[in-house]
Each structure stands twice: as structure tokens, then as C-alpha cells.
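After this come two complexes, each holding chain A, first together with chain B and then together with chain C.
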Partner chain A sequence: MSDAVHTFLSIDLLPLLAATLAAFSCGLLGNFLVLRRLSLMGDAISHAVLPGLVIAFLLFGTRASLAMFVGAAVAGVATVALVELIRRFGRVEPGAAMGVVFSVLFALGVLLLEQAAARNVDLDADCVLHGQLETLFWVAPREWSALFSLDWLREVPRQVVTLAIVAAVSLAFVAALFKELRIAAFDPGLATTQGIPAGAVNGLLMVLVAAATVASFEAVGSILVVAMLVCPAATARMLTDRLLPQVVVSAIVAAATAILGYGAASLLPHWLGLAGSVNAAGAMTVTAGVLLTIAVIAAPRHGVLARAVRRRRLATQVQVEDLLGALFRKAESGAAGTTVPTATPHRASLHAARIARRRGLVSGDGPTLDLTPAGRRVAAGLIRRHRLWEAFLVDEAGWRSDHVHEAAETLEHLRDVRRQPLVPGIAPDRDPHGRSIPGGADPARPRSEDSA
Partner chain B sequence: MSADDAARRSLAGPQSGSASSHAPIGRPRSVLDARPEHSADSPLSVHAMTVAYHRKPVLWDVDYDAPPAALIAIVGPNGAGKSTFIKACMDLVPRASGRVEFWGLPWRKARQRVGYVPQRESVDWDFPVSALDVVCMGRYRRIGWFRPVGKADRAAAIGCLERVGMAELAHRQISQLSGGQQQRVFLARALAQDSDLYFMDEPFAGVDAATERAIVTVLRELKAQGRSVICVHHDLQTVAEYFDDVLMLNMRVVAAGPVAQVFTRENLHKTYGGRLTLLVEASEAVARAGQQP
Partner chain C sequence: MTPASITDVTDRWPGWGQVLDTLTLQAGFNTTVVIVGTTLLGIAAGVIGAFALLRKRALMADALSHATLPGVCLAFLVLGAFGVAARSLPLLLLGAAATGVLGLLCIHLLLRHTRLREDAAIGIVLSVFFGAGVVLLSVIQSRPTGNQGGLSHFIYGQTAAMSRGDAAFMATIAALAVLAALLLAKEFAVVCFDDGFAAVAGLPVVAIDLVLMTLVVLVTVTGLQAVGLLLVVALLVIPAAAARFWTERLWLLLVLAAAIGGLSGYLGASMSALLPRKPAGAVIVLTAGAVFACSMLAAPNRGVLAAAIRILRTRLRVASEHLLEVLYERERLAPAGGAVDIRRIAVARGWPGWRANLVAMLLSRRGLVERRGRGLALTGLGRAAGARVSRNHRLWEQYLVTHAEIAPSHVDWSADQVEHVLSEPLVRELEAALRAQGIDVPAARGGMEGATA
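Moving on, here comes the complex of A and B:
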């Protein structure tokens, strides 16, 4: 084993592992918190454990990690219970309940700390905020064979073992109770009437969130815990519409965030020529935010860019159709070969003419255009929809015939057959203004998207 | 209490032992303990139910026996306790007193025969599930704890979506459905529950005409299969057309029984407190009810 590898194993492996496990657990459970609008529960828990830590210290007189963990876990579960009680009986929204509980419990912890003069409880602001990831080092075995003998497991710090257990339990919990978690979050009333007590399922979820928070915040700090409960779930939500893919994607995003963030923390300052390294948990939190931002902007369906592109395409589509419609009406009135209509702003109509020409819907040079056969079919379909809508609005909806044109001008662009106004077979052949309605559906549909 | 109810009550035999708890003060025990003899047939029997939120009573001393295989409307003004009534029947909100039985059985034993359609606004329609996922939720009890939704369950759920005319939208995310389509998904989920008694909380609220017709068709199918449906209903105009029985509620039971007998102008007046606009609607509704055979 080379020195570089040994250094990595000794110095980087455990922090990286701890951060990945913490991110994984929080990311997985965070989905259900976000869906239940309880995203800040992790924040509440990670602050409210302070009195639990102090009381555990006072009771057991030791900073032994097990005692502290138990104290923190009890405080975490108590936080969850208090939030739920205040929400139910105080008749306030969950955010307010969480705000009250965590500030009061944190303050209580500070008071206890001062009163007991137990200042050697090692819980300064730094530790709470960004954890002690960098202190997790060990002396890795020198030989590869020693890694496989599993004796080294005893050398692994307790935090990492706890995190591994919490991650395994979280995964098992979500996998086993997936459909129960889904129905309890979506429709607690139906769940309960079906014998799946939503309150108990959600309570169990909260206990696990408390365990994951307590196990994680010690290593990675409360800021990263809060980020990991919210960001991966929100990122995955941008990428998918179903719960199972969302949960899988969020777990992957969480783990990737930890690894990327850790890498950035150790490598970026080096590349930028700065001395030392930055706080790893901080770098991971920033990474989580960056990934979420990228997803919000660039997600394939729900992203800002994708929606802008869809809107733009739709606008072009409408302009092209309006152009074809205008040409069709001109041809109907006997004037063949016409100029680009200027009812729409000039640039937009030029753009529409360009697109229509590229799609082979119109022919002709410069400002004079003619419908091609394909363009004629599309235009006939459009005019048909327009006049059917006019007929429908007059005959069925009772509008006056001089009021229907503007409405039909919008409705004609709806391409979904289920939204067409008339049942085939009883369609009229004239619109309210006496013009004939071109027959048949248009077979040439350049685009199948629904413009609604 | 209608004359019919009173007659039933006077015929009722002595109380069986199990239900002597929660006697409200000020009521003679003999009346409380009286049980209509047909409560084993009745899909829902409610006795002396009182429900309070934060010490304010919402329902007071409600007695009701639902007839079997009937479509039943619960009507009453806002805040009359209509939703609370069905939630209290299913133990979703705690009762201060009273007893609820389904076919003579307590809720815990009858639960698997009772379906529920909550108000459409009660859930988050941005939730990442498809229409099919939602319908499958109706079968979770049957599937059982820890087990995933199987192929057979999905096929059954598709069948339920077909019955409400939504099969082709099965894989749409629910936020992309219209209000009427969402309500149909809820109805399909109720069908997936395959229950003998359904509670529906305003299934007709804010739906389009096509959906309203689809819902009515399904309700009639359910009745033809011998099932009962109890709907919280707001539209007095359609009570006589859609429903067999009506429970008129305003904290207390104002009247209950067949629409033709109890859905009268006088009872509507009592239920709604005689507000003018409502009276106009009500008299129209009564006129329609009169036209029904």
C-alpha cells in the first residue's frame, strides 16, 4: 500500500464515510418531512438536543459517548412530541410550533449548562453548527490484507458506527414501510380508516428523523443536517413526479453531495492556491444548494429553462398557425399568393414565416407566401377548429355571434381531441357567420403537444 | 326525530349488555338503551353521539339509523357538523359520548367493510403520485403491512379507473388533472376499496357536469349491488334526484328518513334557520321533489 493511499485511508476515509452516511440517512428521511411540510424539524431537533446532552452529562457524570447519545436521542424524540402537541392543542401551524420548541429547549440547555457550571461539556457553537468531521481520523492498517481481516472495525470511531447503523435502519424502514409512509403522508384520514394508523407511522418516522439528526449533527453539524433533510428531496422533486424515483434520486443526490462537497473542501483551496482547507461540512452544504439550484434551472421537465423553452415553442406554434390561418382565409376570398400578414408584430410574423417555410408549410420568396399542400391541410384543420368552436359557442353556449371570434381565436389552438367541442357525426358544416367548415381532422399535426 | 323513528324505538327490545357506557346526564337510560331491532341490518347506527371541539359542541345527541342499500345525503348549513359526523363515525375525531355500530358491529370489526372519500381539498394534489398510485391506495389494507403493491392490485385499480372513465389518464401525475378528474380518481379509489358502506365528503363539490353524471352513475351501480353510500351534500337542488334518504343536520338531527317524506319545506326551514336565499332554493328543491314519484 502506497503512502498516499494510506494517508487517504487514515485521514479522509472516515470523514467521507461519516458524511456520506449522514447525508444518505437524512436525504432518505427528508423526503417525507418535505412532503409533510415539516422541513425544519431537523433544525428544531438539532438545537433542542442541547438540554438532553447536559442532563445526560449531569446524570451520568461522564462524557462517555453512549450516555450523550442517549440523552440527545431522548431530547430529540421529546422535541418531536412537543411540536406535535403544540401544533394540535395550541392550534398553530407546524412552523410556529417548531420555532417555539427549539428556541425554548435550546435556551433551557444554555441555562442548564451555566447553572451546572458544566462548562467542560464540549458543545461550543462551532461544533453545533459545522460538526467535527475533521476530528474523525484513525490509524488505518498498513496492509491491504489487514483491511479484510475486519479487526480494524474495532478502531472505527463510535460516531461512524452509529451513523452506519442509523443509515441501515433508515433504509430498512423506508423500504419496508414505503406504501404506508406514502399513504400516511398523502391522506392520513384514509390511511387511518384502513387500519394503517397515520399518526403512528408518522411518529415512527419522526423518531428515526430524531435518531438520524442526533447521529449526524455530532459529526457533520446542524447546518448540514438541515440542508440534507431538505435539499436532496427538493432536488429530486424537480427531476421526477413519482415518489419511488424521488426517494431513490434523493438518496443518490445526498451521497453525491457529501462526496463532491468533501472533494471540493480538500481540493479547491489547493487549486486556488490558498493555504489549508475549508470546512468540509460547510462545503457540502454549499454543494447541496448548488445542486438544487442547478436542478431548479435545468431540470428536464419542471426546470425554469425547460418551461421557458416550452412556452417559446408554444408561442411559435401559435404564430405559425395564425399565419397559416391568415393565408387560408386570403385564399378562400380568392386572393392567392399573399404577403406576410402584419396583424402580429412584424418580427414575430417574420419568425413564424421562417419556421413555416422550414417545415414545408408555405412556399414563396421574400414577403410573398403561398400555402403548400401540407400547409393547406394544417390550415384547414385550424380553420375547422375555429369555426366549430364558433358554432358551438353560439349554438350550445348561447353566445352572440359577433362575440365568438376572439374566444375561438384562442380555442382553435387546442389540439387535444378530447377538448374539441363537438361530437363527430353531428358537427355542423357552417359557422355562425355562414362560412363553410372545412371537413375532416387534420392528419398533418406537426406537434402533438397540448397547448392548454 | 321522525314519527317513523319513534315507532321503531318503541318496538325496540332491551339493550344487550355491551353498550352501557357513556350515558349522558339528563337522559333516561331506557331511551338511551333502546335499540332498533334491525341494527344488524343497518349499515350505520348512531346512538346519542356528541362531539365537541375545544369544549364547543359540534354535534349534540345524534341518533341515526341508515337504511340498507340506499344512497343517503347529509345536508345542513356550514358548520352544522356534517363532515364531523362522518369522521366521528369512523373514529377520526373523538366522540365525547355515544355509540356507533356498523351492521351491529363496532368500528374496529367493521372497518374493512367501510370506505371513505375525504374532501378533495383535504389532500396535497402536488404530491408526487400518479392517478393509478392514488387508486392503489384503496387496496393497501387488503395488501397488508410491509408488502408492495402487486400486479393484480394495479390491474384492479386500472379497472376502477375505467369505471369512472379515467383509465387513459392513469399515469398522469395528479396535479395535472382537473378538479373533476381528481374527484373521479378519489371515486375510483373508493371503488378499489370494495366496501359495503361508503362515506363521501362532498363528492360533487366543484366538479364539471360530466363528472357529476359519472359519479351519479357509479353511486347507482353501488346501490344496485346492495351497498350503501352516505354523502355530505351541498346542492339542495339535486338531493331528490340523486338520493333515496336524507339526514338533515344542524348540530342536532333535524329530520331523517326517505327524501319524499322528510325533505320538506318545513324541515329545510328548521335546518337552515330560515335564511331567505336558502329558502328560495329550498322551495325549488321541494317543488322538484314533488315531481319525483
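Moving on, here comes the complex of A and C:
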């Protein structure tokens, strides 16, 4: 085993492992919090465990004990219960109830810490907030074969073991109760009618969130816990519409965040020429933000870019259709070979003319345009929908005939065939203004030519 | 202010004179500055927080306060790079306000352009911005010049470090925030209560929201030094939430929230000054928390105790009516039967014995029933009341069967639930409607009035 590998195993492996396990548990459970709009419960719990920690510490006088874990877990569950009590009996809205509970508990913790500090006790709020990843140290074996032996595994710090257990329990919980969690998150009423105790499932989820929070923050700090409960789930939510893929993706994103963030924290200061290191938990949080930003911008369906492209495409489509419609009406009134209509803004109509020409819907050059046969079919479909809508609005919806044109101008562009106003069999052949409605050979799919 | 020293282990309790001096702002210049500063901060936070609470943005304040940390650190780094005196409070706070507003814009953009909900957007901005701040803090610590300059005071607050200039600066910002909130109170109120209406009325809802949240950032920034960024959200949320228990009117809510906030700041800072090792931020928040707890318990209308009493009263009234009905029905079936055993009533209604006894006691005190040993019998007054309840019961039964199409086997249960909410005009209306359809209604027995619970 080379020195570099040995250094990595001794200094980096355990912090990396701890952070990845914490991120994994929180990322997994966070999905259901985000779904239930309780993303901030993690924030509340991670602040509110402070008094539990300090009291346990003052009672048992040691930092590395089960008592600390139990104290914090009790405080975490108490937070959830208090928020629910205040929300229900005080009729306070959930956000404010959380704000009241966690800030009061955190203040209590700060006050208790000051009392503890007077007894020359080594415990401060910073370690709760920022985490102490850097202090996880492990004297790695020199031999590969010794790495997996029991003796060495016994030396693994308690925090990492706790995190591993919590991660395993979280995974088992989500896997075993996936169906129940899903239905309880989306529709608690339906869950109850199907005999699934939605309240109990959600309560169990909260207990696990509290456990994951408590297990994580000692190693990675509460700020990373809050980030991991929200960011990976939000990232996955941008990428998929289904819950199972979302859960899987969020777990992967969470683990990747931890690893990338740790790498950034160890390498960046080196590149920037800074002495010392950057806080690893903070770097992971920022990484989570970066990954989320990428997903928000570049997600294939729900990303900002994809939506902008879709909107632009739709705008072009509408402009082309309006152009074809105008040409069709001109031809109907007997004038062939018209100039580009100027009803739409000039640049937009030129762009529409270019696109229509490229698709073979119009012919002619310069400002003079003619419908091609394909263009005529598309235009006829459009005019047909326009006039059918007008007829529908007057005959069925009882509008006045001089009010329907503007509405029909919008409705004619609807893409969804199910929203076509009338079935062809009973369609009238004249619109309310007495103009003939072009026959639809295939009125249900009038846009088959330019669906590209 | 008594310095809270770590080596000072013995708790010294202050004398009454000292307490009085502190509370009347006579206890030295520094203490007075701190107390006045936190009181003003509490008032400003109360007013702004009331609007934030009504707009259901209480936790957004939390995100914004966390988002100020990277700004403080960046300002510190920039100031250091230009060699300016590293601890110029207004400039550090300017940085804080800048990233606070940036965080606000991020939440706004996330909500507008993605499918993420408000809570997720708040959580994301809160954690990512604070994480960035933590990274910058560690960068500052690892720089060769090394001087962190007390930046971590902005996380937990450090009132003792407040100078006269700082306090004056804070007071100015707080006063400006309150003034702006009061000038825009009408707009805020409309947006808080009905944003759809506000939009229709031509108000720029998004802009008003942004102004409100910018005021939240201002208060947050002001509170950074006094209570720290982790606890400043408490000053925004708790006084407003506590005041909400006492009133349904907006202006009163603003006054009460300001009063509770100011009182918390004043008492908290005084206690912190009098007792050793009581950090002002935490004491202020705990004071506000105590006010909240009292409000939630004892407020006359929305309070928990008042609600419990209301529920208990309703239950007793319903139980009394049930008891009267049982007695009345028994009496009608067996006119010469005399008193009915109270245990049989309890069994018939499915009540525990104490409940039947309690209700019987209340009814006999009001002269509606007589106790004869273990038995109960109706008085004249009680008979009239029982007739009324029984009549309403039947009326509802008929109504539910003919109009609401509830199966006859389910009717008794439903009628039991509603007979207590009938008003007399409604009874007459129902009666007339049913008679018109030729449905027989038991005649109203004399004494419809005079026996209501």
C-alpha cells in the first residue's frame, strides 16, 4: 500500500464515508418531507436538538455517549410533537408554529450552553452547526488484507457506525413501506379509507427524520442535514415525474453531493493557494446548491431552458398558423399572391414566413407569398377550427356573434383534439358570420403536415 | 453591562437596587444603549413580523436571515482586501443585506420558474446560502492574517459588543422599517388578506411582496448583532404569533406585536445585563416564547383554555338534552312509571356512570329534574324541555329521510347529532314544509321557550 493511499484511508476515508451515509439517509427521507411540504421540519429539528444535547451532556458528562444521541432524539421528537400541538390547538399556521418551537428550543440550548461553559466544559454550538467532519480520524492499516479484519473495523468511530445503522434503517423503512408512504404523502384521506394509518406512517417518518438528523449532525453539522433533506429531493423532482425514480435519483444525487463536495473542500483551497482547508460540510451544501441549479436550468422537461424552448416553439407555431390563416382568407376573398400580412409585428411575421417557406407551406419570394397545396390544407384546417369555434360559441354557449372572433383567434390554436368543439358529423357548414366552413377531410388531425 | 466571563463561576444574584437601576435605564451607559437598542429592534420586528405572519411567510424570514451570513463574510473579505478598518458595522451589514435580498430573489425565481413548493425553496436557499457562509468563514479563518474579527458574533449575537454608534445605526434602520411598514400598511393588508383581490384592484402584488420581504431583511440585518442570525427569526415570528391569539383586528395586532416584541427585547436585555452568563439573544427569545405560551393558553377567544371550556360547555349541553330526552321518552311510554334509575340511563346512552351523575346534578340544580334516591324524574320545566328536544329529534328524522335521502336505519344517529343546532325559525319552516307534503309531525308540546340550556 502506497503512502498516498494510506493517507487517504487514514484522513479522508471516514469523513467521506460519514458524509455520504448522512447525505444518503437524509436524501432518501427528504423526498417524503418535500412531498408533504414539510421540508423545513428538518431545519426545525436540527435547531431544536441543541437543548437535548446539552441536557444529556450535563447529566452524563461525556460527549461520546449514547446518552447524547438519546437526548437529541428525544428533543427531536418533542419538536415534532410540539409543532403539531401548537398547530392544532393554537390554530397557528404550520410555518409559524415551527418557527416558534425551534427558535425557543434553540435559544434554550444556547442559554444552557453558556451555563455549561461556566463549568469549563468543552462543548459549543459551532460543532452542532458546522459539523466536525475533519475530526473523524482513523489510523488505517498498512496492509490491504488488514482493512477488512474485525480488529480494524472495531476502531471505526462511533459516529460512522451510528450513521451506517441509520442509513440501513432508512433504506429498509422506505423500501418496506414505500406504498404506504406514497399514499400517505399524496392523499392521507384515501390512505385512511384503505385502512392504512396515515398518521402513524407519517409519525414514523418524522421519528426517522429526527433520528437521521441527530445521527448526522454530530458528524456533518446541522446545516448539511437541512440541505440534504431538501436539495437532492428537489433536484430529483426537477428530473422526473414519478416517485420511485425520484427517490432513487435523489439518493444518488445525495451521495454524489457528499463526494463532490468533499473533493472540492480538499482540493479547492490548494488550487486557490489558501492555507488550511475549507469547511467540508459547507462545501457539500454549496455543491448541493450547484447540482440543483444545474437541474433547474437544464432538466429535460421541467428545466428553465427546456420550457423556454418549448414556449418559443409554440410562439413560432402560432405565428406560422396565423400567417397561413391570413393568406387563406386573402385567397378566399379572391386576391391571390399576397404580401406578407402586417397584422402581426413585422419581425415576427418575417420569421414566420421564413419558417413556413422552409416547411413547404408557402411559396414565392420576397414579400409576395402564396399557399402551396400543403399549406392550403393546413390553413383550411385552421380556418375550419376557427369558424367551428365561432359557431359553437354562438350556438351552444350563447355568445353574441360580434364577440366571438377574438376568442376563436386563441382557441383555433389549441393542439388537443379532445378540445375540438364539435364532432364532424353534426358540424354546421356556415359560421355565425355566414362564411362557409372549409371541409375537413381529417378535421380531428388538421396539423398532420407540420407536426415536425 | 456585567461582563459574562467564563472564569466567573459563582452565580451572583443582583440586588433590588441594581434591578431597578437596570429597568429604569440608570445602570450605566453601555447597558442603557443595549436595552434601548434591543427594545427598538423588538418593536420593529413585531410590526414587520405581523405582516410576514399574515402573508404566511414566517419561515421565509428564517431563510433570509441565514442568507445574510455569506454577505457578512464577503464584505469582511472585500474590506480586508482594500485595507479598510475590518470591523465597520454598516459596511458588514450592507453586505448582509445584499445577500439577504439575493436569497429573497432566489426564492422568488425558484417559485416562479420551477415546480418546487415554497417550503422547499425556503429550505434550499436557507441551507445553500448558509453553507456558502460557513465555507467563507472557514476561508477567513485559514487566511494568514487570520483575524476573524468576531464574525461568529453575527451567528449567535453579542449585545455586549454593541457601541453607541451601532445602537444608533440599528435604531435608525428599525425606525425606517417601521415607518415604511406603516405607510404601506393598507397595501400590505390587502395583499395579506386577499392577494387575488389585490391583483384585480390593480396593486402590484409581486412588488409589494418584495418590499415586505426587503423590510424583513432590514430587520434581520438590524438584529444580527443583537440576537444573531439564528434567533432573529424568533423576534419576527413569536411576537406576531402571540399577538394573533388576542385579536382579530389588524391595527390591534400590529400594536400588540410591537408591544410584545419591545417588551421581550427590554426584559431580555435587562435580565441578560443583570445575570451572569445569560446571552441576551437567547434570553430575549425565551421571554418572547414565554409570552407566546401564556397567550396560547389564556387568550380569551382563541386561547386553548377558552376553547376547552367552550367544548366542555357544548358537550354538557348536548348531554343534558340527551338526558332530558331519555326521561321524556320513558315517561311517555309508561306515564305511571315514576322515577327512572340513573344507572339505566347511563347504560342506555352508553355513558360512564360519573357522566350520567354529573349531568343529572347539573340538571337538578337548574330545576329541570328531581332526584329521588337513585332515580330521576322530570319536573314540569324539564318535561317541557324534554318535549322540545324530542320534537326536534323527530322533525330532523323526518327531514333526513324525505329530503336528504338518508336510509331510515341511519337516521337516528344523524338526528341525534343535529337536533342541538336547530333554530326555532328553521323548525317552523321544516314543520310547514313537511305538513305541506302530508307528513305527520308530532304536535309541538307547550313550552317551546323557557327551557333552553
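Methods note: the second predicted complex is superposed on the first by the 420 of 452 C-alpha atoms of A that agree within 3 Å, B and C clash if a C-alpha of one lies under 4 Å from a C-alpha of the other, contacts with A are read in each partner's own complex, and residues count from 1 in each chain.
Heads up, the rule we're going with is that a residue touches a chain if its C-beta (ideal position, glycine included) is under 8 Å from a C-beta of that chain, and two chains touch if they have at least 3 such contacts.
Remember, it's a predicted structure, so these values are computed and weren't measured experimentally.
Chemist: Mind checking the superposed model to see whether chain B and chain C fit together on chain A or clash?
Modeler: With chain A aligned, chain B runs into chain C, so clash.
Chemist: Which chain, chain B or chain C, is in touch with more residues of chain A?
Modeler: C
Chemist: Is A:163 touching anything from chain B or chain C once the two structures are fitted on A? First, second, both or neither.
Modeler: A:163: touches no partner chain.
Chemist: Taking the superposition on A as described, I'd like to know which of chain B and chain C A:320 touches: first, second, both or neither.
Modeler: A:320: touches no partner chain.
Chemist: Which holds for A:205: it touches chain B only (first), chain C only (second), both, or neither?
Modeler: Neither chain B nor chain C is touched by A:205.
Chemist: Return first, second, both or neither, reflecting whether A:383 touches chain B, chain C, both chains, or no partner chain.
Modeler: Neither partner.
Chemist: Applying the touch criterion given at the start, work out whether A:240 contacts chain B, chain C, both or neither, answering first, second, both or neither.
Modeler: A:240 contacts chain B only, not chain C.
Chemist: Of the two partner chains, chain B (first) and chain C (second), which one does A:177 touch, if any: first, second, both, or neither?
Modeler: A:177 contacts chain B only, not chain C.
Chemist: Applying the document's definition of touch, where does A:43 land relative to chain B and chain C: first, second, both, or neither?
Modeler: After superposing on A, A:43 lies in contact with chain C but is clear of chain B.
Chemist: Just checking: does A:282 make contact with chain B only, chain C only, both, or neither of them? Give me first, second, both or neither.
Modeler: Touch status of A:282: second partner only.
Chemist: Determine where on chain A the residues touched by chain B overlap those touched by chain C, and list them.
Modeler: 237
Chemist: Please name which positions on chain A make contact with chain C in the complex.
Modeler: Touch residues, chain A against chain C: 34, 37-40, 42-43, 47, 86, 89-93, 95-100, 103-104, 106-108, 110-111, 114-115, 117-120, 125-126, 129-130, 221, 223-224, 226-227, 229-231, 233-234, 237-238, 265, 269, 274-279, 281-286, 288-289, 292, 296, 302, 304, 307.
Chemist: Applying the document's contact rule, which stretches of chain A touch chain B when the two form their complex?
Modeler: Going through chain A, the ones touching chain B are 35, 176-180, 182-183, 185-187, 189-196, 237, 240-243, 246.
Chemist: Can you tell me which positions in chain B touch chain A when the two form their complex?
Modeler: These residues of chain B touch chain A: 87, 90-92, 111-112, 114, 116, 118, 122-124, 127-130, 133-134, 137-138, 140-141, 143, 145-146, 148-149, 173, 189, 193.
Chemist: Taking the touch rule as given, give the residues of chain C at its contact with chain A in the complex, in rising order.
Modeler: Checking each residue of chain C against chain A gives 4, 6, 8-9, 53, 56-59, 61-62, 110, 113-120, 122-124, 126-128, 130-135, 137-139, 141-144, 152, 155-156, 230-231, 233-234, 236-238, 240-241, 244-245, 276-279, 281-286, 288-289, 292, 296, 302, 304, 307.
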